[in-house]
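Shared between the two complexes below is subunit A, which has subunit B as its partner in the first and subunit C in the second.
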Partner chain A sequence: MASSTTAAEVRRPSRARRPSRAPRPLRVRRHLPTSPWLFAAPGLVITGVFILYPFVSTLVNAFTDRRTLIPGKFVGLANFRELLHDDMFWIGLRNSTLYVLGVVPALVLLPLLLALLVQKNIPGITFFRSAFYTPVVASIVVVGLIWVWLLDERGLVNSLLETIGVGRVGFLSDQWLLLLSAMAVTVWRGLGYYMIIYLAALANVPRELHEAAMVDGAGAVRRFFTVTVPAVRSTMVLVGALSSVSAFKVFSEVYLMAGPDGGPAGEDTTLVMLVQRTGTGLTGRVGYASAISVVVFVVTVVLMLLVLRADRKEEA
Partner chain B sequence: MPIPRRALVAAAVALVLPLSACGSGDDGGGSTDASGKVEGDITFQTWNLRANFKPYFEGVIADFEKKYPGTHVKWIDQPAEGYADKISADAAGGTLPDVVNVSPDLVAPLAKAGLALDLDKAAAQYKKEYLDGAWASHQIPGMTGTYAFPWYLNTGPLFYNKSLFKEAGLDASKPPTTYDELFADALQLAKKSNGKVATLANVPTIEDFGRYGVELMNKEGTGFAFNDAKGVELLTKYKELYDAKALDPQALTATPESSGKKFLTEAVAMNPGSALDLGNFKKQAPNLYKNIGITDQITSTGKVNMYVMGVMVNSRTKRTPAAVAFAHYVTDAQNQMSFAKKVAIFPSTAGSLDDPYFSKEDGTDETRVRIAAAKSLKNAVNYTPVLFSEQMKTALRNEVAKALQGKESPKAALDNAVKACDRLLQQQG
Partner chain C sequence: MSVAEKTRPVEHPVAARDPRIADEHGRRIRAWEVALRYLLLLAVLALTVGPFLWQLSTSLKGPHEDIFSSPPKFLPSEPTLHNYQRVADTIPVWDYAFNSLRVATANVVTNCVGSALAGYALARLRYRGRRIATLVFILAMLVPAESIIIAQFTTMRELGLNNTLIGVVLPACISAMNVLLMRNAFLNLPYEIEEAAFVDGANAWQRFLRIALPSVRGTLAVVAIFAFMGAWDDFLWPLIVLSDPSKFTLTIGLNYLHGTFANDERLVAAGTIIAVAPLIALFACLQRYFFRGVGEGAVKG
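On to the complex of A and B.
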């Protein structure tokens, strides 16, 4: 539609030409500065109440001796000094760190191999794709209980080991085997989730690259390292960052398999389990548990930065 | 785009308004005077009782509302799992119900925080209706007053698997009655089964130390004392059992539920329980039920352990007369007796245990267990100190586990446990 009206005129319509019953443009302009905030308000309020306030509250509590039913007073760095002398804190830090070291490499590599496997159009592969994803949607409590039954002294795994003459193994009574068993469950559970992420990344790898490498005589292993890995490297970094943060904050798997005390003598306690055990209940030490939470937060941020920095170095 | 000031103010108000509800709920509270007219709406919270006893509680509430026109009782039931966490969240948020089902260890921190009504002041006239020991069970060391009505008591025998005893060459008709006999039988069972059958599935708890005759706290109630020679002796015996696999290898991470399952699957030979368990055995493990043996709790003090449940009145209730009247009504002799006839629990009201229901045999195992338990309750003790918190239980379990694994000597483990529990006690204030 041709029009001789200029943009300036549209923005500033003259009183004489403005239709008397439709002052809409002016009204919209008047409300423009606040309107976005009104739209964002529900999200901001939810973020503020459920994320920002608990975060600030945890930070403040970390410097008090607050307990569940008794408001605390400011104690400065006393909680952090106590952490340094608390054996259970060091056990928690050790186990959470071991969890990252044990779980992350497996969760970066194995789902990629699995994704390569299920990417192929083999008859019946849809079933396996769904099967590999099932542990992700299953309840962690159900999954944990099933693994406890399997690994019990009289469970299926030990019965099989006994049948083949290995004898019973204390998967749920030895502190290291317990931690390894919990790691295995975390890896088994995470395979499907990260496999989906890799499948999306693999779909974007140009087929021509593989074909060119094949023409050059590269075998499957060579193509994996020279074509596939470089193509999905940024996804591997993402998986590494996501899995390292969740591995450091592990709770459910260890809690379900090692019990509320964190295994024999509490030797399998992770930092988040320690937060739960210290800060909850009627006599919970909210201040001290908050100090542990602050440490968990700082370590998590450092972990993320390390992974991202490693990625940047690789790129350079 | 610069953020308009009005938008900032609106966002701040929107953020702060909901948070103003997250305070401690310290609004001055209600009155300790329970002498006014019994009227108004109150809330009553029970601990995992709705599933099995819904009609009973609905009947009690209806009768109360009929007796006191103008009252209305809203009944809430919470699951067993995480009950303490639920109470602590309610207490911290100022939403604790008016009348709450508690155990002595739960009532202690609530009383210290000023959230439990002192019944010695508000309901002293009812004290004589209850057994002296039961009334005293909700008194807190270091504080004056009583902070909950005693409700039902429970104790139970020791169940054992006769067939496992026979297979080990033991006389199934003569179960152990002393600790020495128990340890000897356990070692024999483990030896004869090549370590496949353990006798016990749980590490010793504070209650076990008490039953063994260990002094748990000093006389002033200001510190723990279970690291004495007697305590070390018990832990040393358990270490021997653990090494011989007479104590289940998974005992270090066991819970009462998991050890109950081990007994059901005949992986362990003995397990403490109550008359309620007989029904479970019959239904879930008929083979075990055919071979079940029942014997008394083993104790060196002559007094068995009992568990006490109580009913607390929230000191912040706006309806003190109604709340006190209802808490007393639920726990009075008539209602406790009628509850005891529905489930294997025992009333804490004076004289109720003399009822023929607790003394007249009818030939069934259930009645035999009930009569024996009622008899033993007359001088039973709640060994678990009221101030023994969940964190203290964890500290003790962890040190006991270290001793059993041989990482520490029993003496060092108990010294460390006492030190940790004393520190937690001081932090409780």
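On to the complex of A and C.
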């Protein structure tokens, strides 16, 4: 390693890559030739051992019948064939997909409206901005448990519903209501985060655009669609990408609200919950859980590409 | 248009002259619109902060107070800290909080040191393989943690570190995203100052420590805050790697409390308040870094 680094030192500032800089006189290097690698080493080692090695190992394990305590052997596509006939896998895939479809539109649109609401500098607005961010700061476990209590059969929401005469709703006992409630919690927690992202984008919208539209007699709604949305479109795509990837990987909200077994008859299990349930513990089926993990990985990559492609198409 | 043209040089000309409220264009906002805005703001406020207050209120209600009443009672009639005492009697909540604190502190230190060093190497030092090193971090950032969590668990077992707090910290202790954040921060510094130090004979370590690092304190603070929050709030990974209740972190402890004493809402409420209070305090003190972190994180993420 040392010798190759020294070679690089001699080769030194590849000026071709920085054409804007004026040519500099050559000088002697005074630091030890290995120091760049020493600087990068801790990060590279951690990333290699705990991210890249597990990634490769997930890909390999997916084709074995490895268990937590048994090394396992190569089984070809058996795990993936089993997936096709595993009802729980399809339930997980369904729920994670529904989660994306339910959460993403809300998280692209609602924080934008919220950002517009807190954008104007009226007295006390910084307080409101900070307050709206509080749910982001709280741990997902805290948020989950707060909502479990709020949506409880005898909790606050049901008390209010009963007071106004609607009657009590079993938010946490019905399979679909449970999933919907978990989505609502995800949206609730994401509002403040994406609001801040949108605020930064809105600050860059030229005010001339709004003024021109106003002179042309465009109302607030019209200006929202003709000025604001086009101006922050790339941010909307970014929010869409971020929120869809994290929505597909949902675990904590559903785990806390539906319980470790995923609600009534496991019908609220998500894909990552299934990974956690199948692959951990002393009897964990590492091979099979890895196969599900591969599906999670592939879908998140596809989701990201889809969103980015939609962006490019619209731009064209 | 022409009016706007004239008023532009001053930030808020109307607001300055006139106590009435103006928007960012310096145009006065009509009273009903202001009222509507505040009404909406208060509604959202109730929605975002209300749940926390309800939890706080529940945690302060004594054993004889009806917490299920309809219509609901928002304020405890005789506030008591009794439930907090009961949490401590039920689970070793202060030990869990201490475990969380240790994990979060370790995560802050390793992330700040490791990502500053690696970021500096990627941004400033010239060596063969720098592009490959950068690519390694970019690829690592794109791998969703959830999709490799089982392999991380088996890796931890192979290292004999499962069921330890070190095992909780290690996988995210120098996150690729933080490395790239620091790299960008260093890239944005003007190179000339370091050039000068270089001419004066400062070696890479001195340039890093004396010149570059003090200039990226803002980004470092962002890394620190997000490392702290990430570790304090993390749930899935500690849930997988920790099996011994004496080593639980606060989030896993809360999940355990909820799983075992789900019917005791006052108890769970007190536990959640213990977990969330430090972070809200931290947020209240360091808001601008939180917001800055969202901006920088989003650009990268």
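By definition in this document, the second predicted complex is superposed on the first by the 277 of 316 C-alpha atoms of A that agree within 3 Å, B and C clash if a C-alpha of one lies under 4 Å from a C-alpha of the other, contacts with A are read in each partner's own complex, and residues count from 1 in each chain.
The definition used in the following text is that contacts are C-beta pairs under 8 Å (C-beta built on N, C-alpha and C of every residue); 3 or more make two chains touch, one makes a residue touch a chain.
Note that the coordinates shown come from a computational prediction; the quantities given were computed from them, not determined experimentally.
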Clash-or-fit label for the pair subunit B, subunit C on subunit A: clash
Partner chain in contact with A:V307 - subunit B first, subunit C second, else both or neither: neither
Partner chain in contact with A:P264 - subunit B first, subunit C second, else both or neither: first
First (subunit B), second (subunit C), both or neither touched by A:A291: neither
First, second, both or neither for A:E211, with subunit B first and subunit C second: second
Partner chain(s) touched by A:L172 [first = subunit B, second = subunit C, both, neither]: first
Which of subunit B and subunit C A:V254 touches, first, second, both or neither: neither
Touching partner for A:T280 - first (subunit B), second (subunit C), both, neither: both
Partner contacting more residues of subunit A (subunit B vs subunit C): C
Touching partner for A:Y53 - first (subunit B), second (subunit C), both, neither: both
Partner chain(s) touched by A:V187 [first = subunit B, second = subunit C, both, neither]: neither
Those residues of subunit A which subunit B touches in one complex and subunit C touches in the other: 36-37, 44, 48-49, 52-53, 68, 152, 154, 260, 280, 284
For the subunit C and subunit A complex, residues of the former touching the latter: 1, 4, 12, 21, 23-25, 29, 34, 37-38, 40-41, 44-45, 47-49, 51-52, 54-55, 58, 68-72, 110, 113-115, 117-118, 120-122, 125-130, 133, 136-137, 139-140, 142-144, 146-155, 157, 170-171, 173-174, 176, 179, 191, 195, 198-199, 201-205, 208, 229, 232-233, 235-236, 239-240, 250-251, 254-255, 258-259, 265, 268-269, 271-272, 275-276, 279-280, 282-284, 287, 290-291, 294-295, 298, 301
Contacting residues of subunit B [partner subunit A, same complex]: 1, 3-4, 6-7, 10-11, 14-15, 18-19, 24, 84-85, 87-88, 91-92, 106, 109-110, 112-113, 115, 248-250, 252-255, 265, 267, 389-391, 394, 397-399, 401-402, 405, 407, 424, 427-429
List of subunit A residues in touch with subunit C within their complex: 4-5, 7-9, 11-14, 21, 24, 27, 30-32, 35-37, 39-40, 42-44, 46-55, 57-58, 61, 66, 68, 114, 117-123, 125, 128, 130-135, 137-142, 145-150, 152, 154-156, 158-160, 162-163, 188, 191-193, 196-197, 200, 207, 210-212, 215, 238, 242, 245, 249, 251-252, 256, 260, 272, 275-276, 279-280, 284, 286, 289-290, 293-294, 296-297, 300-301
Residues on subunit A engaged by subunit B in the complex (per definition of touch): 33-34, 36-37, 41, 44-45, 48-49, 52-53, 65, 67-71, 152-154, 170, 172-173, 178, 258-261, 263-266, 277-278, 280-285
